[in-house]
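Following: one structure in structure tokens, then a few remarks.
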Amino acid sequence: MNIHDKKPLILVDNISKYYGSFKALDSVRFTVKAGERVAVAGPSGSGKSSLLNSLAGVIHPEKGQVLVDGNDLAKLQSRKEMCRLVGIIHQQYDLVPQLPVIHNVLAGNLGRWGLFNSLLSLVWPRDRRQVQDILGELGIADKIDDLTSKLSGGEQQRVAIARMMIQSPQLVLADEPVASLDPARAEEGLKLITDLTIDSNKTLVITLHSPHLISAYCSRVIGLREGKLIFDLPTSEVDEHHFHQLYDIGH
Amino acid sequence: MSKFVSTVMHSSKTIRHISFAKGSLYLFVIFIIVSWCFIFLPGDSGFVDLFRLETWIHVKIFILKLAGVESELTPAFFQVDRWIATSKLAYRTLAMSVLAMAIAGTGAFLTMVLAARNVSNGDLGGVPSRFGMVMYYLVRANYIVSRAVPELVWAMIIVFFLSPGLLPGALALGLHNIGIVGRLTAEVIENLDPASSVSLRSAGASNSQILIYGIMPQAIPHFITYLLYRWEVVIRTTVVVGFVSAGGLGREFILRLNWFHYTDVTLILIWYLLMVIGVDLLSTWLRKVVDVD
Amino acid sequence: MKFQSVVITRHRGLLLLLLGVFAWSLCSVNWSGPIIHTGGSSSFLKLWLSLFPPDLSPDFLWIASKATWTTFTFAVMGIVLAISLGLPMGVIASGILFERSSSNRVPIIIVFRGLLGGMRAVHELVWAVVLVVAIGLSPVAGIISLGIPYAGILGRIYAELLQGTPRAPIDALKQTGASPLKILFYGYIPYLLPDMLSYTFYRFECSIRASAILSFIGIQGLGYQIQLSLHDLLFDQVWTLLLFLIILIVLVDLWSTRVRRSLLA
């Protein structure tokens, strides 16, 4: 079945997001089909993070709706459903610094576990073998019991990725996943994130700056500037001119 | 010379912006003057006595008595059996202080989350809860009362219905410190970065799961630090509470003083200082262990 | 099978240690004797019933107000004494008045830190009991027994603050050729004043509680009155006094918090 025949997984339907009088998102509209890898590009303040947070259901737009697999995120009550649908890795990874790595990774299960199991797991970690395997794939198997705060930025990113793998949502979101990494680590990290989605046929939406990384890892680019959608094109059709449109001052 | 002036100007910038504090300072100075007049102007303050020779002779005799120089009997601090007997009391006093910290720790642990505004009103991602806000004010009010009433007053009241011994003293100390430790930890919780809680929520965590995985791991190191820090204060007060609750070194201190057994008093003071120093060192060392984590 | 890391073992070890120590302390209590006084439960009930209402008769309110004022003024004088002693001692104990290379510096620091530590170590009530036996019961005894330990507390903090100031502005002053004392007044103190005032105000709030306790030994004040009313089993009076005490402390706490907020802003 051709990827273009599927109905869209995500429908972003004319959403606008306000912070007080500041318009972070202005009538943004697009669809994403299952299995696509989409990059969101744009200068700082263009609304990329707001868009991703809206897709994650962390914030809700004042106008319009976000539908993921037919579900309006603003109306979705069940957190179980929500975390099965979307997962997000923020720029700062947002792990709990005082927990050992294994618990930060196992936190991906919190949508499935009840309170008792969650508590029990803190004392006697469940699924230790599974976490070891995942961390092994990511190359940090030896850090499994280390305190998360002691890990480097790149290692913490992998922990966040591991948590995402355990959570296993249909839609994987990553906000500036490589902004704070050096070029070599950035490529490694991006490869890990995209491998995560290719292997299990998940959908990926990430924010990126670098045209090189975008063309290497994503099939589609959405350009945002000052909260408005400037372009929405397959990677092959995007060139320098489009990026100038986004990032040049005074356009 | 001009360098000196400019450096002075630069450093006095820090105090230029203070107005409420300056006003408070002036108010405080007024209080000082008024208090001075209230206490020292009537003649019975004892101030004049400080400068009388007799007072100092009296002090000298007292110190000599404490040192055991005046009498012919062997001072208590040279007798091994007195040392052993006092050490048992010191041991019990130590136990009383630990029990007090256990009570304070349990009480604070159970209530500190409710006393954090951002948890109670749902800011950490949950639904704002009126019940939560009510609990917040209730717990905070309890903390204020527990903190405001001095331990000794708690002890005096408790001794009215509990038999004298270690328990009333420990209870009094514990109750007083629940408010202190609870409030300090609640403030830490209020200042936590919500990012990790938001992240846990998007991974599917419920409120209670966020509490366990996100808030507790960040709050507990501070909680333990505050408990250890208060222990240092509590061990000093444990002896004093013993005056009232008839437990440990405190009771012995008052008894010996009343019987004029001055060298025993010195022995007790020595043990008191030993314990205070010991707990200070222990507490500092344990806090280093927790902090490294 | 990998061994679990040091961190998890350390956490579990600490938890077990704490639980064990708490259990030990519980064992030290003599559970075999009667826990509750004979007549204790009825006293307990009476105590709570007397809260509604507390003694609000004008005569007693006047006594309570006087006691509150006495407690407050003693705390003020006590903290003044504490600052007068603690500040100079703290300055000396920080060692900033001496050249780094001076041979006197380290021993003097040790001696003064030790003195401050000793003053701190003894609780104000113990000082009070000892002082009363030495110089008799008087307001001055109360003020001194409050002033000495608080001088130790304040002095130590002042010393730590002084030692912790950044070198740059101080070195700049040194280059102007100012004497150590001048550097103290024009360099350290303006820089540290907010922190020092903030901590001193915090300790002032503590000194009010301490003053209330000290009045137990016979100096007029809230503690003394509470003791009197307790002995007469007049629980409604006890509640009134407690209310006055709580209100006083809350007021000073609010004042102190606002002052600190405006200083450290």
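Each chain gets a letter, A, B and C, in the order it is written, and its residues are counted from 1.
Keep in mind that, in the parts below, contacts are C-beta pairs under 8 Å (C-beta built on N, C-alpha and C of every residue); 3 or more make two chains touch, one makes a residue touch a chain.
All figures in this text were calculated on a predicted structure; none of them were measured in a lab.
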item: Greatest separation from subunit B - chain, by CA centre; value: A
item: Contact pairs, highest-scoring chain pair; value: B-C
item: Mean-CA-position distance for subunit C and subunit A (Å); value: 52
item: Rounded Å distance between subunit A and subunit B, as computed from the means of their C-alpha atoms; value: 48
item: Centre distance in Å when subunit B and subunit C are each reduced to the mean of their C-alpha atoms; value: 8
item: Junction residues of subunit B, two or more chains touched; value: 293
item: For subunit C, residues that touch 2 or more chains besides their own; value: 7
item: Shared-contact residues (touching 2 or more other chains) in subunit A; value: 147
item: Residues of subunit A that touch subunit B when the two form their complex; value: 56-58, 79-80, 82-84, 86-88, 90, 92-99, 103, 107-108, 110-113, 115, 118-119, 122, 147, 163, 167
item: Residue ranges of subunit B in contact with subunit A within the complex; value: 195-196, 198-206, 208-209, 212-214, 217-218, 220-221, 293
item: Residues of subunit C that touch subunit B when the two form their complex; value: 7, 10-11, 14, 21-22, 24-26, 28-30, 33-37, 40-41, 43-44, 47, 69, 72-74, 76-77, 80, 118, 121-123, 125-126, 129, 133-136, 138-141, 143, 169, 172-173, 175-176, 178, 186-187, 190-191, 193-194, 197, 201, 209-210, 212-213, 216, 223, 226-227, 230, 238, 242, 245-246, 249-250, 253, 255, 258-259, 262-263, 265
item: Footprint of subunit C on subunit B - complex, ascending; value: 1, 3-4, 7-8, 10-12, 14-15, 17-21, 24-25, 28, 31-32, 34-36, 38-39, 44-47, 49-50, 55, 58-59, 62-63, 92, 95-96, 98-99, 102, 105, 144-145, 147-150, 152-153, 156-157, 160-163, 165-167, 170, 236-237, 239-240, 243, 253-254, 257, 269, 272-273, 276-277, 289-290, 293
